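Report on the structure given below.
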Amino acid sequence: MNDRNPLEEENINEEIVDLGLASKDIVKGQRLMNKDGSFNGRRTGLPFWESFNFYHYLVGVSWLKFMLLVITGYVALNLIFALVYYLIGVDGHLIGVIAANEAEKFQEAFFFSFQSFTTVGYGRISPIGALASSIASFESLIGLLMLAIATGLFYGRFSRPISKILYSKNAIIAPFKDINGFQFRIANEQHSELIDVEIRVTMSKLVFESGTPVRKFFNLELEYTKINFFPLAWTINHPIDKDSPMYGMTKEDIDRSQAEWFILLQGFDDMFSTIVNSRSSYRYNEVVVGAKFDNLYGKDSSGRVTVELDKIDDYHEMELNKY
Amino acid sequence: MNDRNPLEEENINEEIVDLGLASKDIVKGQRLMNKDGSFNGRRTGLPFWESFNFYHYLVGVSWLKFMLLVITGYVALNLIFALVYYLIGVDGHLIGVIAANEAEKFQEAFFFSFQSFTTVGYGRISPIGALASSIASFESLIGLLMLAIATGLFYGRFSRPISKILYSKNAIIAPFKDINGFQFRIANEQHSELIDVEIRVTMSKLVFESGTPVRKFFNLELEYTKINFFPLAWTINHPIDKDSPMYGMTKEDIDRSQAEWFILLQGFDDMFSTIVNSRSSYRYNEVVVGAKFDNLYGKDSSGRVTVELDKIDDYHEMELNKY
Amino acid sequence: MNDRNPLEEENINEEIVDLGLASKDIVKGQRLMNKDGSFNGRRTGLPFWESFNFYHYLVGVSWLKFMLLVITGYVALNLIFALVYYLIGVDGHLIGVIAANEAEKFQEAFFFSFQSFTTVGYGRISPIGALASSIASFESLIGLLMLAIATGLFYGRFSRPISKILYSKNAIIAPFKDINGFQFRIANEQHSELIDVEIRVTMSKLVFESGTPVRKFFNLELEYTKINFFPLAWTINHPIDKDSPMYGMTKEDIDRSQAEWFILLQGFDDMFSTIVNSRSSYRYNEVVVGAKFDNLYGKDSSGRVTVELDKIDDYHEMELNKY
Amino acid sequence: MNDRNPLEEENINEEIVDLGLASKDIVKGQRLMNKDGSFNGRRTGLPFWESFNFYHYLVGVSWLKFMLLVITGYVALNLIFALVYYLIGVDGHLIGVIAANEAEKFQEAFFFSFQSFTTVGYGRISPIGALASSIASFESLIGLLMLAIATGLFYGRFSRPISKILYSKNAIIAPFKDINGFQFRIANEQHSELIDVEIRVTMSKLVFESGTPVRKFFNLELEYTKINFFPLAWTINHPIDKDSPMYGMTKEDIDRSQAEWFILLQGFDDMFSTIVNSRSSYRYNEVVVGAKFDNLYGKDSSGRVTVELDKIDDYHEMELNKY
């Protein structure tokens, strides 16, 4: 163990700007990146409609909400047109209506509306005269355009490339050769295979400039930053050597520096021939100092390699190297 | 301040060709790039149909124009088919028509047309005989093909990756360490996050070759050209050191050189797994010499970082360093 | 031939981690990569629904299975709705039904169902009253949404970029200049042209660490790793020089080391403006030691170059160089 | 002029393998690459169905052929179903038919078929009984699936990224500084803008190995290989210095060597956020030795830069530098 203080400004070798953050202004507080990779901050001062994108929203929303929105929209549009047919008068403008009272007239107008909107057009009820015909003609166009939009939305939702990367719950500091390493494990949850997977880890910690805490960002050197194939699991390892911003940091230093590690993974998805990415972060209280990950690999009866993904979080305690 | 003249040809270190422009031919005049990143020039000598792409036009046009074109096209196609039915004679070829005069006959033909085009086919009116049936059959096919095309257009419009980057209204020259820097600020207006954002700045200025002005292009070295994450705002900074083409330029030199700065930003859009780009430019009269941007960052009550995007243009005057 | 043992640990120069595999755990057994480039291993411990993606499955499945699923789904959905109409009672809710008994009533309900689902809506049978109309209205919506989904699935299946690379059945070790080379041949089976084709070959072999076999991975240096254009065929060649992990290996060494070569090819598909990739592998028993590939090239009567792809596997025996 | 022979094997510095061609086998004959960038060669020995991709064909074919195929397919499918209805017997299975003879019956079957296929379903004619209803139900499904496929095809045709790069008809050898340069001009014909345009030029020529001609390939060093923006036109220039494979070649040498230059351009299309490419080639007889391109640039009345693309081929003769 050397005797320089790893949290003193003068011991900082190299620093990067990241997250587009002016480092001085972000000192303490909540984590900067959520576990799912989204940024834990807020932009203010933008009008809602400037930053809101309807398509993005509908492609990104959950299936339950999406289907509720589709059905609600369908019913609402049909109600509006039903109201229009009812207001111009069912009697003179729709033929074939079977209705004993006003409520039934509205009901028939509603079902005529859906028959026009979906273009099913059974024909028991049909429009007569220019006004009703024009409205029905417009409604059918709207129905077809909605179908066109829905087609794009479904395709957009389905075909959106998503990486599902499983991260180990904790990062650990483990003995590595004759030094130690900062490590975490990842696996690909999806059936589609990832190629040319590249990973970058940025560490952020508080540094004390003559006593005042300032948040700084550092790229971590990794043992391997890229693999050609990624069918199973991968342990990412940052060797904590003399050039590491983690060099000499004890568990207490890590806590006091409010350290956070940002993970950025990029790979080529074989299924959709596109690059996908995944982000996540570990915070100081999610790092286990002095541990080693358990083995994931085995072999099945036919001699094929197996990997047990339910064990990805598992580790056991282990004495660290001293240096 | 050194005493070389920054506008003299012999003081130029390095130059690039950009915009595909023969630099001699573009001396004075309007800006080369509009604020929205489009090029402010004209190509002549190409037949209209060679360079016009109908799909590109319909995907790029405003929603209002697009919807007007869709509705106009729908009505126009229906009118054409209505005319055809009317001309072959409604009486012998359509059954179920209820019409007292020629105008009503045309009207019925028109509504039959839309019922075929949209495939709603109520059936009150239907074609009889080979001629009307064939035309209706063709019209339905056209209707379905139009639906197919509209679906693609809607999807093309929605899914087209668009970056919405907010640029500060002015670029500034601000003190930076013990020299000065050319700076501007950007922020991401969209909800989707950008990753691996890279920025390039090209400066163009008039240079005097034995008195004759010639426009030259230079890449500017930036303090940081790439960031991993871009959730908030980013101040781009070109340090004006001895190797800078801006070295030694006063406000008057900048004006006289009719300088223009071209910005090219590229990033990976997390939402659509594709690379998006944004371009813009600053012209000499949009540069404030001697200023510093105001702080954008704050913290909300729950400790989350906030950034106030409505302040992105704000700066205050500040004395420059002399060197 | 030198006298170092190419399977002894101390003679290993450089090693990579690949396939995300902890090298110690995979020693003997089946091949790691199948000929089609898929990984020959199993992930366990993931709930089925976590890793299953319905859209990926439907896009990747064979055309026969896909069409069977489409037709089965269509019939099944119609049967469900037919059952609903039948259960609420055909008599009070559908008009125009022509049925002498219960079976015919169900049959009419079934055909009304398909007429609503497909929106064909002939109108001989039509719903009457709120209940039947509501169900029909819902069924038409489901039908349109299924059309929307099917459209996306067809497009997804058709437009999915696929590379069809033909690999020679065997890799060979052939004389190359005054040394030998590890070679195999590839050709593009598709009509669309590939540009900027890049190839990487990783070799995996057992290495003996004080007698214990351990699987190690090595990148092979290739004579050419990239070509601009790839219209015909290409012989990939790894010169077996002193730095090669294959240096000094005899046929027996190759077999004993259970060697496997992983091929990763990437290229830009001209047709779809996207990067495609192809993977395959050769195992030790697929390597012919001492051979040369036959010529593929010829000229047709008009002077155009031809390449005979049915000869891509052909080789003849040839004495290797000794060194 | 030096006295080494530029066509002698021993004077070759560096060579690349390209086009995946064994260079010995391609000596004389036709050009290797057509002007449109397609390869002028043939692959044999592949079964037709192995290499044919229906979707690729329909996306790449001309609009006229595509529309003819769509209409033909529509009529053909309807005729098949009409035949089926006619063969099972119109009388017992379709109601509402108005037909005096067999021909009219077939005609009615045909129009019922199209009403089912397009889902217009007027309802004058409708199926009765299980057999006709089942066939109609199947026909409507086929109709909807065809619509789904057509939608994908239209979108695939429209959205396929296409670069339309205008190449000057001739390449020229022009004086450049105190040496000469091999030059050609390009411009972007499309309205969408290209960014990060990169160009590579490969030269191929016959070289005489002790009298026997062998075709060799060389990368040419360019003055600029990449530009950030490409709104107008760009003159590509290969300076013919001592390291150039064109060094010392006279017009006669160029002809005798049957030289061919392959152009590969890649750029990022702003409109579709995708990389597009363009290829072309110049052959020895398309190179003008001793010329200079005419100026394309001007300014319109409002001071905007203009470029006259109809002059892109224009050049005037000019004495070359001697060295």
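Each chain gets a letter, A, B, C and D, in the order it is written, and its residues are counted from 1.
In this text, a residue touches a chain if its C-beta (ideal position, glycine included) is under 8 Å from a C-beta of that chain, and two chains touch if they have at least 3 such contacts.
What you see is a predicted model; the values in this text were computed from it and never measured.
For the pairs A-C and B-C, the count of C-beta pairs in contact is higher at A-C. Averaging Cα atoms per chain gives one point for each, and the point farthest from that of chain B is the centre of C. One of B-D, B-C or A-D repeats the interface of A-B: more than half of the contact pairs, counted by residue number, are shared by B-D.
To overlay chain B on chain D by their CA atoms, one rotates by 90 degrees, a value rounded to a multiple of 5. Comparing the contact residues of chain C and chain D by number shows a mostly separate set, under half of all numbers used being common to the two copies. Taking the mean of the C-alpha atoms as each chain's centre, chain A and chain C sit 27 Å apart.
Measuring from the averaged C-alpha position of chain B to that of chain C gives a distance of 38 Å. Among the residues of chain C, those in touch with two or more other chains are 115, 119-123, 147, 151, 153, 155, 274. Within the complex formed with chain D, the residues of chain A that make contact are 119, 121-123, 151. By the touch criterion stated above, chain D contacts chain C in their complex at residues 16-22, 25-26, 28-30, 32-33, 38-46, 50-53, 55-56, 59-60, 95, 115-116, 119-123, 125-128, 130, 133, 136-137, 140-141, 143-145, 147-149, 151-153, 155-156, 160-161, 200, 202, 262, 264, 266, 274-277, 279.
By the touch rule above, chain A contacts chain C in their complex via residues 70-71, 74, 78, 98, 107, 110-111, 114-115, 118-124, 147, 150-151, 153-155, 158-159, 164, 187, 189-193, 195-196, 224, 227-235, 268, 270-274, 295-300, 302-311.
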